[in-house]
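Presented sequentially are two complexes of chain A, the first with chain B as partner and the second with chain C.
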Partner chain A sequence: MSTFIQISFSGLATGAIFALAAVGFALLWQTAGAINFAHGEFIALPAIVMLLLGEDRPTLGIPEWVPGIGGTALGGPLPELGIVLAFVVTIPLAVLVLGYLFKVSLVDRLLTPGGNDIPLVIASLGLALTIREYLRVEFGARPEKFPSVFGTDRWRPGGIAISADDVGVLVVSILVILALQVFLRRTFLGRQMEAAAQSPDTARVLGIRVDRMILYTFAINAVLVTVAALLVAPTTHARWDAGLSLGLVAFTAAIIGGFNQVRGALFGGFLVGLLQNWSAYYVSSAYREAIPLLLLILVILWRPQGLFGIAEERRL
Partner chain B sequence: MSTPLSIAAELEHRSDAIPELDRGRPSWPIALASIAATTLVVLLPIGRSDLSGLMWLWAMALAAVVGLNLWVPVESWNGLVVKWTSLAGAIAFLLVFPLGRTNATLVDLGLFVVFAIVCLGLNLTHGIAGQVSLAQAGFLGIGAYVSVLLDTGRPIAVAGIETTLPNLPFLLAIAVAGMTCMVFSVLIGFPALRVQGPWLAFVTLAFNLLVFLVLNNEAGLTEGSRGLRSMRTDLTVFGIDLFETRNYYYFCLVFLFAAAALVWWIVRSPWGRAFKALRDNPARAASLGVDIRAYTLLAFSIGAGLAGVAGALYARLIEYLEPRAFSIGQSFDFFLATVIGGLGTMVGPFIGVSFITVLTDRLRFTGDYYRVWFGLFVVVMTLVAPKGIAGSFNQLRSWLRSLR
Partner chain C sequence: MTKGPCWSTPLALLAAGALFAAACGDDDDSDAKTDKAGSGDTAECPDGDSVPMALPYEANQPAGENWRLGVEMAVAEINDDGGILGCEIKLDPQDTQADPDVSRQVVAEQVEDEPFVFLGTVFSSSTIVNMVEAQRAEIPMFVGAEAPSITDRKENGDNDFIYRASFGADTAADKFVSYMVDQGVKSVDLIYKNDEFGAGGRDAYKAAFDEAGIDVGLDIQVQPDQTDQSAEVTQLAGGDADAIFVFMTEIESAAFLDEYQAQGLDKPLYGGDVLSAASTIELVQPGAADGTVTHAGLNASAPVFADWKKAYADFHPDADPPDHNSIKGYTIVHVVKETVERIGEFDNSKFSDTLHCATYTVDDEPGLLLDVSYDANGDIDRESYIVEVVDGVGKIVETLPPLDNLDDRGC
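So, the complex of A and B:
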């Protein structure tokens, strides 16, 4: 029993990060109709940027054009402080590049109202390839250790091993998602964003600046991926190809939970995290990724709106 | 080489609607120029590993061929001459270029041929029928492993059962590989094609990853990440020794020509027109009596079957199989290559596939950044030329016509 609790707990912690990633993915889909196949790379990139800004890593190949900003310039002697500060610096960078620039340069040009969403799928696959290969060439193919902001403590209450990282990840992700949910549900701006997502035309008639709301969604997504990067990188390490599996997990979680619901993506994330951990222990660790994929296929086939989603009317 | 989906081809089909086609008069200078330029393009590189001094001549001849295809109206007699000369030139090039090459170059070229079959299949699925499939590398892998497991007579142990694998003739193994992929594609496609567009992309992507996991983990069957040897030793077909790399290249080329002919025929058949109707306006196609699900399934499974055949050829070309070659990254490459080449055109897959095979070595000046530039190129293309290279070529041709 204690093994089960332990596995479930670390599964919840992993699931919390997946939920963060999935919520961002679902938000873009819901609000802007944008399917971003580079979502995983949007998490892998900030992780490496944070490591670059926060720590002095002689092993990490740093592009020549990056000015000398090692651990000493921004962080202190403590690596933890370095990473936290680097995180604070990375957030506006991410909002600018992964939020604003991504929206204006690609999404706005490729997504026409009532149009086909495949061009954006193609462009985001190309973008993912560019980011992935750039990271490989510039920073090297070796995975880099990424420090956990919550330290490396471990406790064993009642025979259950719990790490500080798992607890911290779980608490922070839940707080972030709660804050997001409160923002969307309770604040005026959040309600406007919801309205713009659910019915852009009506929202426009009511005087809501829909384009502005969509832009905010991209900004929120950029913050979410950066938080996800900070939380996930201690487990996955900062790797050039981390985006492939992260992106896959994000949309698996989003689809399983329900694409058109933030709540759905949240549950989807936790479900995928739990399923992965359970199947790794009870079935086979080699197939830990397979079970969520099978569920994904089943969900798409029998309940395309997701387990927690609400069916939309089919439009032609 | 011109694209059969061009205006002329379209017009041929609607000849009932268009009373008379003015083909103009054939002109000898244009025909001769076309034949001369094409011949130069084909013959110059024979036996030369480095064109150096002759590079400018070759480039000019190639530019002349492209220019003629661009300028001469396609439906005129001259246009037909230029088009068929170019096509014959392209076939001749594939036939004679390998003469006097090293085995390494032949394997490179073979990879182009094999992957071109994969992208031809994808072009049918996506370019003609409008279904996004991201499982093409998965089908390539299924085809590769199935064919190798069927014709080696190796002992295996899976799930506690020990048995000896059959030892089928190579041609039969190739056929079975293609069929297996078609069966898998129907199994996954029959329910999945209820959902379309990006959803199919997700399902196929998940399927590709599942295939990868099975190939990687069922080591009793596939040797897992250690890799499976698939040597061509003693491989003969109709008395031809396929161990010889050049013979094997031509063997693959036969399949490429057959695949291209198949796709060309399908596009022109009533099936092809139903596919296009489906792609352009599913609701209208359905109302006109096109059984949407049957046709999408058909397009999807033919694309998968071609990938399976290509997989069987790939296995013996590389002589070594490892699951990594069939990862989702490879599927993305096939997808992007097909899109870059030009969806829905015959030439597109060939252009696209050269970006992920032969050109990766030729464009050495980009160094490690080759794939970074390829990714950026894809992004820029979706913005400025969403129809791909071949599609943009056709647009450019129509634009030039409108000037006259």
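So, the complex of A and C:
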């Protein structure tokens, strides 16, 4: 039993990160009808920025006389504080670049309401490649250790290995997703965003500024990817290609759970994390990635809207 | 890469002096070894006054980058010293993106430029694919890859043009398994990365374990880039072997070590050189790599490389500290230089006759850093190291002598 709990707990911790990333896919699809295949790179980029803010300010062109906000990020007396400060500074940067600039420079130009979304898909694939290569050329191919904001403590209650990082990732992910749900469902602004997502035309008639709501969604997504970067980088390390596999798994999770529902993407993330670990232990580690993909095929065949998604119709 | 090391100026003056002496016909080379052209000798260069060398490498991977940095340092030094037989080395570095298909395309395109030799690639999965192009063009190719199949003549189409810069996993296995037997290991559980490098290493070590009478219990693979290895480590926790043997690259090794420590396992950990490499240790949680014991064909912390490390830091002041791939890249250029000087001309069709079954010493060519022998397949033999990680630092605990068995290896 302890073995089952062990691998399930680890699967949930990994799944929480998949869920955070998958929710971003669902958010953008719901509100803007956009699929962003650079989503994984959107997570890799803030991780590297945080690390640079923490330890390598000259690379960013920050003068030496500016106090190092994250100077203790990698080994000072308060390493967690350093990376938290770097995270706080990265949030507005991410909102500006990965939220606002991404929307106005790419999405708004390529996405037409009810129109063909293929150009944006292709453009986001190109963007993903561009970000990856930029990170590699500018910051190098070598992976860099990224400190965990939750420290390195470990416990073994009942023979089950639990790390502070796993617990922290799980708790923070769930809190962030709950906060997002509460915001969308319980606040006036959140309901306006939901309305804009579900029926833009009706929302406009009701006086909701749909474009602004969509912009807010991109901003929220930028915050989510920065949180995901903070949580996932201690495991994947800060590296130029960390987003590639993460983006693919998150996309898979979002489809399995339901691309058009935040709760579906959330469920898909946890399910994929658990399935990977259960497959590796109870079947074979060779099938760790294959079994979630098998589930993906089954879902597409028998429930294309995803396990928790809602079937959509498109008028032609 | 135009900056030379601090000793480059005096070396250049010496080289200029040697060239001047040769030009004046004062060719008093009686002290030189009979099988090697003197350092002041010149030959007709393949391309004007230079010799082109292709450098296909994985620019998007630390291993490939370090290989390139090592190669470029050696080339700069040799060129400062007058080149090879008076010919300047001209490198053609091309990124293969660590993609086998791309690497084959890159090598095929470089073949069109008729390089004298290929220096690369490092990734086994790429090398196994792109070496066919060099073989077809009959151009010697020196690789940092370690998969055994690369130099297996039954699998590589009797390739006479492939040479390693480091041990193949099978040669390393022969050396390391003997050490493990001496340590009293009677059974192991295996965990490896599921790619050409990891699977090749797993096959080589499994064969060596079988031959040495070490029982292999669990045989677990992890996928490339897999950073959650909790299920695999939980499986290992249920194994009953004396020790665990790990064969993966940096990202997977670091993830494994962190999880191994997290789950509180305490069986002895043995592995390929990456497990204790500095590039792995710096990614893991404090103490996670401590106690691991590995076989390192080349290890930058070995005293024999101390001076070279300083020169490397001077030459590449902004680069990360060198690792085994940097040393591989550096030394292989000197292997090429020594081979050409022994041939006495730029005839790469004579590489096989010259390099196969030959032993080069640092007295012949100081840039080799260690004496090295090549067998009939292009595999190398030289001294190597047992490394144990203590307090987060890889320390050499034993130096293993060369196998010294060229007679058994086709020679």
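Here, the second predicted complex is superposed on the first by the 292 of 316 C-alpha atoms of A that agree within 3 Å, B and C clash if a C-alpha of one lies under 4 Å from a C-alpha of the other, contacts with A are read in each partner's own complex, and residues count from 1 in each chain.
Methods note: a residue touches a chain if its C-beta (ideal position, glycine included) is under 8 Å from a C-beta of that chain, and two chains touch if they have at least 3 such contacts.
Since we're looking at a predicted model, the values are computed, not measured.
J.: Putting chain B and chain C on the same copy of chain A, do they fit or clash?
T.: Overlaying the two structures gives a clash between chain B and chain C.
J.: Should A:L301 be classified as contacting the first partner (chain B), the second (chain C), both, or neither?
T.: first
J.: Quick one: is A:E289 in contact with chain B, with chain C, with both, or with neither? Answer first, second, both or neither.
T.: both
J.: Between chain B and chain C, whom does A:Q181 touch in the aligned arrangement: first, second, both, or neither?
T.: Neither chain B nor chain C is touched by A:Q181.
J.: Output check: A:I255 vs chain B and chain C. Expected answer is one of first, second, both, neither. What do you get?
T.: first
J.: After superposing on chain A, check 7-15, 97-105 or 295-303 and name the one in chain B that bumps into chain C.
T.: The stretch that clashes with chain C is 97-105.
J.: Of the residues on chain A, which ones does chain B touch that chain C also touches?
T.: Touching chain B and chain C on chain A: residues 286, 289.
J.: Quick check on the complex: what are the chain C residues that touch chain A?
T.: Within the complex, chain C contacts chain A at residues 59-62, 64-65, 194, 220-223, 225-228, 230-232, 234-235, 238, 250-251, 254-255, 261-264, 279, 282-286, 320.
J.: Which residues of chain A touch chain B in their complex?
T.: 35, 106, 109-110, 116-119, 121-123, 125-134, 137, 244, 248, 251-252, 255, 284, 286-287, 289-290, 293-294, 296-297, 300-301, 304, 316
J.: Show which residues of chain A lie in contact with chain C when the two form their complex.
T.: Residues of chain A touching chain C: 3, 6-7, 10-11, 14, 136, 140-143, 145, 152, 154, 156, 161, 163, 235-237, 239-241, 245, 273, 276-278, 280-281, 285-286, 288-289.
J.: What part of chain B is in contact with chain A in the complex they form?
T.: Spelled out, the residues of chain B in touch with chain A are 132, 188, 191-192, 194-195, 197-199, 201-203, 205-207, 209-210, 213, 216-217, 282-283, 328-329, 332, 335-336, 339, 368-369, 371-372, 374-379, 381-383, 386.
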